[in-house]
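Next come the structures, one after another.
Next come two complexes, and both contain subunit A; in the first it sits with subunit B, in the second with subunit C.
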Partner chain A sequence: MAAWGRSRLLEEAGKCAYCGFCEAVCPTLPYGRHRGYGPRGRVLLTAHLARGGKASPEVLSSIYTCLTCAACTLKCPAGIDIPALVRAARSLLVAVHEKTII
Partner chain B sequence: MSGNPGRIVDGLKSLLGRDRVVDDEAVVRLYSREPSGLESQALAVVFPETVRDVSRLARYAYSRDLKLYPQGSSTSLSGSSVPLEEGVVVSFERMNQVSEVSVVDSIAVVGPGVRIDELNLMLAEKGYMFPVDPASAAVATVGGAINSGAGGMRSAKYGTMRDWVLGLQLVLPDEHGTVLRVGCRTLKCRQGYDLVRLIVGSEGTLAMVTEAILRITPLPEQVVVALAFYPELRNVAEAVVAVKEQSVQPYLMEFMDRKTVEAAAKAMNIPVETPGHMLLVGVDVNREATGRFVEWLGKTLRATGAVKLHVADTLREAEDKGFFTLRRSLFPAQIKLAREAAGSRRVLVYIEDIAVPPSRLVDAVEGLRSLEDKYGLPTMIGGHVGDGNLHPAVGFDPHNEDQARRVEEWFEEVMELALKLGGTISSEHGIGTLKRSGLRREFEHLGSAKALELMRGLKRLFDPKGILNPGKVV
Partner chain C sequence: MDVKLILSLLAENVERTGYPVPVDVERIYSWAKPLNLPRGGRAVLYTGALYQLAPYINSLVRHLESLEGRRAGGLALRLAKTLGKIIDLGKVVAKADPGEIKAVEEVLRSIARLLSAAGVEYGYLYEDDMYSGVILYDMGLDEAFARHAKMVAETLEKSGASLIITVDPHTTHVLRSVFPEYVDGFGLEVKNYLEILSENIDSLKPRRGEAGYRVVIHDPCFYARHEGIVEEPRQLLRFAGLEVEEPPRSGKMTYCCGGPVEAVSPSLSRRIAETRLRELQGVGGRIVTMCPICYVNLRRVGGKVEDIALHLSRRLL
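Right, the complex of A and B next:
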């Protein structure tokens, strides 16, 4: 499946109401040092990247620690496909830097 | 704030350790917003892990006039968790230990970062529960719920946070970062003025909560649940009266008006055979009394005009049969409909939080529908009818100036309606920034503007420099 482009990514991330319902089921959040290691954070950070924001080490860790297990998507009231967002962000990073990050 | 931002962040890292401070701009932004749609940008986020960390942080902030914004999981809907001025977010996510559960003493001693559902999972193993259940319980923290004075579906029976917090450990925003213990680990407690209840609902403006002694209660043996649909609004009101007049205090009593039922069913593809005004009633019973209550509940709701009725013997059965599907669809349906109505992908949903005496339900819903027409804002109306708490909600495009202005005026008029009906402007979401004018209006309505002066005096007493969550509540 081809990853989404910037505009689709921003459109999908823009649906987030920031309710946090996704966080309760995320397997990585309890092991991360901040909210960026959970789906709510990742949605916003993918939008940050799509808008040309800095790919700082913290942002990269957030995007690349996602297991894309989709547990969060089942809980999302807005029906956001969070793994697809994460894949899109990774594709974007690869395209921008012309190399894989990990 | 004295000192440049870079030095402040370096100072915090020296004070607490680098692993307890995050200053990555994009990550800090995640802690500078909430579902109300309000957002800003703090300097950094700090993650204290002990009461000593919090005390040292308070002392440091006091000496540098640094603003501190305590935060749980940012699920506030009132603006109370958003940093307004330059300052630092204090996230209690890492203070998430349950240090004691005693069924004999009926208490749980927990850190502020414990999530309510996680606590309840732990308590359920012992046959107990913490009954305050905000809709966000899966992610909401105990500290956040204390500070927002949260309630939930079970509030009609169990009340809100102020009824379930027995004691608190606090850190004051003063020159010493004073650590205080107030309240008791016993149910009965006369300790002079009730500082515990003063902190509950204070929205992080007076002190930082670093530990709480919560009261817990046994899980109900069984809950009988009925889902009913009524042709007329007055039937719903009659059903509420009929249940209460027979000396039954329902475990839950939820309501959605007909228009909201139809909109939610359509938006979320939920089959509803005979749409009408929805009433969901749960009554906790002894197992042996199940049959009697099932019969009584069915009879009572039919007698008040229910045209469609389903009754389940247990919560599990009610869940399996989808009794809660419509009620739970309220939030996603609001988002979906708002997006359609606003004609834009980026929408905000404003969820109001008024309460009226349950006897004024019909007046409240009719008033809200008339405001919907006046402002041309499609409104979803649902709520906890057992305690009169309604959550009318509208969605809008924040970049559409006309819509945003109409929503603002609607918001003010909804609060006015609640006051006219003998209610209150905020039941469980709090004041934050969004309802400061409403709070003033409520006290003026009560002829008690002096109450706000007293509150401002309390704020100065606890927080002489005004560094703790400034700009909120009063």
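Right, the complex of A and C next:
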């Protein structure tokens, strides 16, 4: 789908109850440096970016190491489409930081 | 990790050349030459060039991996030093493994022959067999993706086909589920070749008298979770007389090979691939992949893997 705008992004990310069921199936989390390498962290950080938060190198690592494999979405009780959320965050980063990101 | 550099590298290449890595367009369709496939038709085979590009992408990833391991300077600096200038990836991808190139071309010929054996009438696009632009979509480069997708859609529509036959999970997903959102009026029917073979299974005949063997199946995320292709490969492998084993994580709950982050973080990609390879090896049996990205990524960590099309063609042609 065409990438979501800020408000849709916040709405979707806002469904997260931080239960962490998604973390058990994420391939990147066990090898990452922090929870940003897992779906729960990525949802939290997409909301941070949608609110105009800073795109630090670690935030970028979190958002760009997602495989969009969608294992997490099958475990999410809130039914968040996490790959779509991550792509929306990437699209937002490109739009906002066009000169610095690419 | 230098996200900016990798993104600009891939995006600039797609915008300039149509492909994420520089490759001669003849290399995209030369696999089809021995087959004499007709041009165009009601149904056309669209590879999206991903199988053909995989060995070149792998060569780039191996290069990035070697740079990632060195300590001095940022990745950008190291890459600039080794390449001269950022866009000049030619000498890196020129080191692509010739064995791998041969293997992916054989996969495509096997797919084409299997479709013919199943009685499917179709043509090919040759130099119009364009890259789908999927990397632009994955990386959130929406405008660049929309522009590229429009070009691809126009080319496919111009071919006069009403059915597009795809051969890999990423191209299948992007064409069937993403193009309709990005390209106004995109109405072509998109089917994957495994779905088509499964529908026409009665026209295929397993070779008689040959002993089957055990295979362990690695589901690609984009078939299993995004496009609902889980049963078709199993049905076809069993029909071909093979014994299908499931790894601990399979079907809809399959475990990613790590491929999608291969360029952004080769070391992370490698660790995930190693984990998956151990899992697959633990089952016993020959490892079957169905995606060119899974194929090169599992191979990079030492996996002996083979595409489903080669297994099927050996038993069904």
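The working rule: the second predicted complex is superposed on the first by the 98 of 102 C-alpha atoms of A that agree within 3 Å, B and C clash if a C-alpha of one lies under 4 Å from a C-alpha of the other, contacts with A are read in each partner's own complex, and residues count from 1 in each chain.
We take it that contacts are C-beta pairs under 8 Å (C-beta built on N, C-alpha and C of every residue); 3 or more make two chains touch, one makes a residue touch a chain.
The shown structure was predicted, so the numbers you read here are calculated from the model rather than taken from an experiment.
Model built by superposing both complexes on subunit A: subunit B and subunit C fit together without a clash. Applying the stated contact rule after C-alpha superposition, one finds that A:Phe21 touches subunit B and leaves subunit C untouched.
In the superposition on chain A, A:Arg40 makes contact with subunit B only, not with subunit C. Using the contact criterion defined above for the overlaid structures, shared-chain residue A:Tyr31 touches subunit C, although it does not reach subunit B.
In the superposed model, A:Ala78 makes contact with subunit B only, not with subunit C. When the two complexes are overlaid on their common chain A, residue A:Tyr64 makes contact with subunit C while staying clear of subunit B.
Of the two partner chains, subunit C is the only one that A:Arg87 touches; subunit B does not reach it. The minimum CA-CA separation between subunit B and subunit C in the overlaid arrangement is 11 Å, rounded to the whole angstrom.
Once both structures are placed on chain A, subunit A residues 57 are touched by subunit B and, in the other complex, by subunit C.
Of all the residues in subunit B, the ones that touch subunit A in their complex are 19, 22, 24-27, 29-31, 33-35, 45, 47, 73-75, 91, 93, 115, 117, 136, 138-139, 331-332, 335-336, 339, 345-346, 349. Taken in their complex, subunit A has these residues touching subunit C: 1-3, 25, 27-28, 31-32, 57, 60-61, 64-71, 73-74, 87-95, 100-102. For subunit C in complex with subunit A, the residues that touch the partner chain are 1, 3-4, 7-8, 11, 137-142, 178, 181-182, 221, 225-226, 252-256, 258-261, 264-265, 268, 271-272, 275. Of all residues in subunit A, those touching subunit B in their complex are 11, 14-15, 17-21, 23-24, 33-36, 40-41, 44-45, 48, 53-54, 56-59, 62, 75, 77-79.
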